[in-house]
Amino acid sequence: MVQANSNTINYFESVNKVLYEGKNSKNPLAFKYYNPEEVVGNKTMREQLRFSVAFWHTFTADGTDPFGAATMQRSWDKYDGMDLAKARVEAAFQLFEKLDVPFFAFHDRDIAPEGSSLKETNENLDIIVNMIKDYMKTSNVKLLWNTANMFTNPRFVHGAATSCNADVFAYAAAQVKKGLETAKELGAENYVFWGGREGYETLLNTNLKLELDNLARFMHMAVDYAKEIGFEGQFLIEPKPKEPTTHQYDTDAATTISFLRQYGLDQYFKLNLEANHATLAGHTFEHELRIARVQGFLGSVDANQGDSLLGWDTDEFPTDLYATTLAMYEILQNGGLGSGGLNFDAKVRRGSFEQEDLVYAHVAGMDAFARGLKVAHKLLEDRVFENIIDERYGSFKEGIGLEIVEGRANFHTLEQHALRNPNITNKSGRQEQLKAILNQYILEV
Amino acid sequence: MVQANSNTINYFESVNKVLYEGKNSKNPLAFKYYNPEEVVGNKTMREQLRFSVAFWHTFTADGTDPFGAATMQRSWDKYDGMDLAKARVEAAFQLFEKLDVPFFAFHDRDIAPEGSSLKETNENLDIIVNMIKDYMKTSNVKLLWNTANMFTNPRFVHGAATSCNADVFAYAAAQVKKGLETAKELGAENYVFWGGREGYETLLNTNLKLELDNLARFMHMAVDYAKEIGFEGQFLIEPKPKEPTTHQYDTDAATTISFLRQYGLDQYFKLNLEANHATLAGHTFEHELRIARVQGFLGSVDANQGDSLLGWDTDEFPTDLYATTLAMYEILQNGGLGSGGLNFDAKVRRGSFEQEDLVYAHVAGMDAFARGLKVAHKLLEDRVFENIIDERYGSFKEGIGLEIVEGRANFHTLEQHALRNPNITNKSGRQEQLKAILNQYILEV
Amino acid sequence: MVQANSNTINYFESVNKVLYEGKNSKNPLAFKYYNPEEVVGNKTMREQLRFSVAFWHTFTADGTDPFGAATMQRSWDKYDGMDLAKARVEAAFQLFEKLDVPFFAFHDRDIAPEGSSLKETNENLDIIVNMIKDYMKTSNVKLLWNTANMFTNPRFVHGAATSCNADVFAYAAAQVKKGLETAKELGAENYVFWGGREGYETLLNTNLKLELDNLARFMHMAVDYAKEIGFEGQFLIEPKPKEPTTHQYDTDAATTISFLRQYGLDQYFKLNLEANHATLAGHTFEHELRIARVQGFLGSVDANQGDSLLGWDTDEFPTDLYATTLAMYEILQNGGLGSGGLNFDAKVRRGSFEQEDLVYAHVAGMDAFARGLKVAHKLLEDRVFENIIDERYGSFKEGIGLEIVEGRANFHTLEQHALRNPNITNKSGRQEQLKAILNQYILEV
Amino acid sequence: MVQANSNTINYFESVNKVLYEGKNSKNPLAFKYYNPEEVVGNKTMREQLRFSVAFWHTFTADGTDPFGAATMQRSWDKYDGMDLAKARVEAAFQLFEKLDVPFFAFHDRDIAPEGSSLKETNENLDIIVNMIKDYMKTSNVKLLWNTANMFTNPRFVHGAATSCNADVFAYAAAQVKKGLETAKELGAENYVFWGGREGYETLLNTNLKLELDNLARFMHMAVDYAKEIGFEGQFLIEPKPKEPTTHQYDTDAATTISFLRQYGLDQYFKLNLEANHATLAGHTFEHELRIARVQGFLGSVDANQGDSLLGWDTDEFPTDLYATTLAMYEILQNGGLGSGGLNFDAKVRRGSFEQEDLVYAHVAGMDAFARGLKVAHKLLEDRVFENIIDERYGSFKEGIGLEIVEGRANFHTLEQHALRNPNITNKSGRQEQLKAILNQYILEV
């Protein structure tokens, strides 16, 4: 627990520690479904869900949008520069404690401001990393992952590892080098790459092949450096198809896995999958999780949601119970997320600008995922869909189906089978019934 | 040339052979830009463009849509059954000659009707394949590719190679076996797979892993059988993200390449890329071509266009000069399409139901691609974008950039470089100027 | 109740009357939430929900899609022509009884086949309308609405009331004339227009002004004829933005209301709003309902849902509890739907081809709306959002706000107010908290 | 012409006045198609096109995006506060002269910074307005329109005229009052409303009816005040469906016209239609122009373009020749834009950060519209589409068609006609041929 000393400001004075009060509570600052010590399956909810607070959205985002100025009211905003950076860390650990989350995550530039040179920037970072390290000693919260912000500064206007400018590649390398040192210093469980500027605006001025080759070179150097310094966290790539860049190379799970395999990086990386990035790529969240899971690349999750009628990344707090249920269904089948977690890469709406909204929003998201966990667990326990699927694909457990699966069939034997069996009988896929069952489980678990 | 005998009906009586009359012609049945014997680069336009007529849209499509019945008026529709099949082949070769296209393409079920059994179906096919073979003897037209329709018949309701029903897998295998035999018989330059039902409707009833494994097993068997019978055409997969199926496995170029690599199929397959499928996947046509090209997978093209405001595959005849120019730009840089071609996987609008519309539409598409070819060739000849790109990425040809490209840099040397070079200078990407140049080339070539 | 005579086939033999068994029932052929006689608010669920079965999707749809043939297995499909039409009516009334729905709806061409002339077509219709009338005498089911199918037949290829061909306009008029006579004969509570072909494919060949004027002329004639024959049901227009036509004139609620006002039709028409059409237009379902409600145009509802990742009208059975709750929230605030109802303009998936799927699907939809009704009723009873909104807009109940609302303010007085009040204080909109409350109500009602 | 005095900085030193050099010029700082004094139709190009530079994108935008900081390099950015405001005005008039554009447009907050109170803000505005007025005395450039920025400041977080807070409504009124005074002072030809925050984020906390009523009250007060002060410019509303707000009330042309009619505002307002807003609403640009034109609401145009694969307002400089041609086709048929113009509501890409890119971009847009003008003019002169449309709808000029149009038909006479004419003959809509003709006109005019 963080030691309050006489000088410490209580940044969330109006908020007590958020407790589980159960489904009938009317207290907006209590959990209705998230009961951290309740056992679901073989673990507690806390262990299953591994919630993480995103430093950027919650402690640095100010509510600007492309047409509007900052709206967020934050009690730490009376400070600036390094004082602001320190105040945010204080506020952060206070919120972590009130929510009792086990993890947090940050970009390098969230926690400390850039200085007038890379050297000074790194010194700023060192100060804050040391402060965080101190706080972590007396806190239960751990670092789920850190990452490098290589998209905000104008030097990255044409990309970082995929910039047309070798100086920018070098700068990005220096930044990730420091990021890996930070990760090791703070015991991060993972290190994430999100390539917001790794892509192109127009093919008319782009050497796509060189950019992809350079991206792979960069990743290999990161792997090498992690080995060198003994950082053993999991490397993760976070796919997103577009925004800010018109086309981003790490488009979706399948594309990113392809890149990793093409360049011999597949043994070193898994994916950090974000719900809103899935929908921007034209996929459901559960699709991306499934694609990654069946190929062994499901590493961690950015837990948020989009607005299917808007074409940009709204990064809303996740409240859709269908999405949280089907996400947890994949995660439970994956045997959990390993070193990953559910990181709330989510921001309060620009109109939800009061500081308490940060708490309401996390409560909303944590409750939605807690319910999703319980529903998914019960669905699996009852083998609701598993039994249906087993029966549906039963023809591959015997006869010609088994020959196919075991590699003993060929076009000759299959043609013979087809000629001998003129009447093929299919069975209904029962989609409507399955959706009704899902509703009943969501409502009645 | 097809021998007209006294019994032959002239299905396009009102249409003379379409000739090149140049850019000022007002004759709707003449080419304004496509001049087949004109040399562009090192080849004639005919050789560069390798146009192909799609049998399905042009000879069998009837104008039905999800809310409407057939509208198309086709002089061969007075026949039915095998007589209709024969009449369509006659009409097809007449149109090929009028348009003077070098290629055509078909699905098995386009050219011959299904019988009451697989055996009878194959017999129907044999009759028509023999008829086509005869026609080809006296015609200049070749078979660009054939494929198996494994999406229309209700037996494929849950997929073909990815069906939950092993009997369906076997039937599909028998169908592709026959398709490869047909390809060999007719000297097809390629064999295509489009997996319209290879995907899922809902994950709730789907064993995605088994389905993908089975799809790969199926492809390997096809490769084996082609070797066995000595079919040496190129195998192609045509990606599409959705429609008819909610999610299709061969989503886009990157996803399909990933699948091919994962299952050791990458040396046997290239891609057949369709413009409208690109846009449905959220990509430009030129993006898909570029992704395939730089990885060596650009095999052939389904030349059409979509409507960016509609969410389904409209398969319109290609008339957008930006798209035809940028497509030809990729194709020329690929050194052409090899055994592939530009297949008009395009249908006249339901309201363009008169038979002459088929000719107008092909003329529109061929002229648009001919112009695109000339513009793209001139852009490359003048090295308009090449010079810009060379300069733009110049930093990777010397110093630290060259070290990066040659594998001699690491995070230590790069950090040293970054610390020594505090001031990074980027240059404008000049997108607006490049677009103005592109306009000028399109208008003035 | 329909009298079974010795010759009557029991088309749903395997299905008993669907009964309410409550939320823990595992019987897929029982209601878990829809308890028709349970009183919610001042009415029974049956009265509140006014469910209607759509004849087209349930008794005539065969599962064809743009890439596939019919899959549906229907016990009445052994018949054809008028025998099939009669069998469908028998089957329909049997299903109505099993589901105990109070309403149904049809297009003219759903219930009887077209003959070789308009006269014969109308005679076919008369026979079936009389048969339906007989069935209705002993059934509890009423006709929610009928409509004219003016989109399937190729004569409507360029539109019906907006065709470029005056003969088609005349034909459409004759068809709607008959439709209004049918409506009167069967006591329809409403008459619906859905203009699937009323729009354009390309502006290049379209006289948009004349088409809109003609559409209005057509509607006025319909109103006149209804008065003439004494049909007193409510006229409804069903908006849809596109599909099958590229642009449809009745785009969405706002556009259609604009058309009605422009042409002096607003006193005669209300809207029939479909969930999937809302999403195709870029709106939520509840948005369309709200827009219509606050302007007095909310007439009836086509209860279905789309797939937000697909760009066409999937017409799925509604199971999304968020959508059913927020729809019922608007409907309850509208004081119900008046003569309208919740018509399942929804089709089972092509893979749900067994006849029982029709029952599963309706049960899924009815239960989802029943739950939505209860949640919405409780939300309103507790004034959850109403109290928040009252307080949020409180400033318009006093002072300068009241002056604004009462028309006593102007730019002078408002500027004075602004100059006097330099510090404007806004309050959080609390979106995240509201969504958490909505979740809790959905789960716990 | 602006008097250069010894102190005046030449902000575009490297750029000479942009001259027309014709289609073969390779000079990126010359017009290839825009020849201002060339007569097209009955006017010069300058008069037909009425180009306007948007102050915000060109003189204040800095290249920030939701994930990135400012990139734009602007020689006036060495100043700040009122000095910066003045420098921007100087730079603006210099650019206007180099481009020789006849108009410009601004938001109040573009030209002068907000002060610490409304009073001070207005004083800042007065200083700059006076400065602009002085510059206009010796310049040929006029004010196309001005508008009030009521979306950036956090006070407008919940809307301006549709805020839930009456104080905000009052503030907005004061701001528009000043805006109208500015418009009168500078002789603006129009006054624009774009309601970027006039809409809702979620219906859960929104009184939609009160908000719409208030919006109308606000517009009526503006009309009243304009009359009072004798401002005779045209009022315009600029529709946009979403972004920044989830749902915006002025969604598209049809919705906005409906609002104007509902609240008796239609005689006072026309529309300012933006290309990118059309596509965000699911419409083509030409659709929005046509809808407004045929109802008499086409007032002015925000000339830009979007990226159909991105879901947000990219506000790109317009280079698509199809869009510029079809836009000019509507505008010419409208008899021009009256007091409106073609305002480049367009920004250079974030990667086009050099100051010269501003010139390249305007040249690209002006050339694209100049070519569009010439193509559209020729299409109309040759009556290409007019003749086709006249013939296509010919049936409404005689017989039953004429009776329909003249109001002499009814359902009885139409039914009689339909019964007498069993065989309806439609003709092809010829879409493919029309698109080929359009291509030929674009290339060969």
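In order of appearance the chains are A, B, C and D, and numbering begins at 1 in each one.
The working rule: a contact is a pair of C-beta atoms (placed from the backbone, for glycine too) under 8 Å apart; a residue touches a chain by one contact, two chains touch by 3 or more.
Computed from a predicted model, the values in this text were never measured in an experiment.
Under the contact definition stated at the top, the chains bordering both subunit C and subunit D are A, B. The interface with the greater number of C-beta contacts, when A-C is set against A-B, is A-B. Work out the mean CA point of subunit A and of subunit C, and you get 39 Å between them. With centres set at the average Cα position, the gap from subunit A to subunit B is 37 Å. For subunit B, residues that reach two or more other chains under the stated contact definition are 154, 157-158, 201, 242, 282-284, 309, 349, 351, 353, 426, 429-431, 435, 438.
In terms of which chains touch, the assembly is arranged so that all chains touch all other chains. Partner subunit D is touched in their complex by these residues of subunit B: 23-24, 28, 32, 279, 282-284, 308-309, 317, 319-322, 348-349, 351-354, 356-357, 360-361, 363-364, 367-368, 371, 426-433, 435-440, 442-444.
In the complex of the two chains, the subunit C residues touching subunit B come out as 63, 65-71, 151-154, 156-158, 196-197, 201, 242-244, 246, 280, 307, 309-313, 349-351, 353.
Only residues 117-119, 154-155, 157-158, 163-171, 173-174, 176-177, 201-210, 212-214, 217, 221-222, 224-225, 241-242, 247, 251-252, 254-255, 257-259, 261-262, 281-284, 286-287, 290-291, 294-295, 326, 385, 388-389, 392-393, 395-396, 399-401, 404-405, 407, 409-412, 414-415, 417-419, 421-422, 424-426, 429-431, 434-435, 438 of subunit C touch subunit D when the two sit together in their complex.
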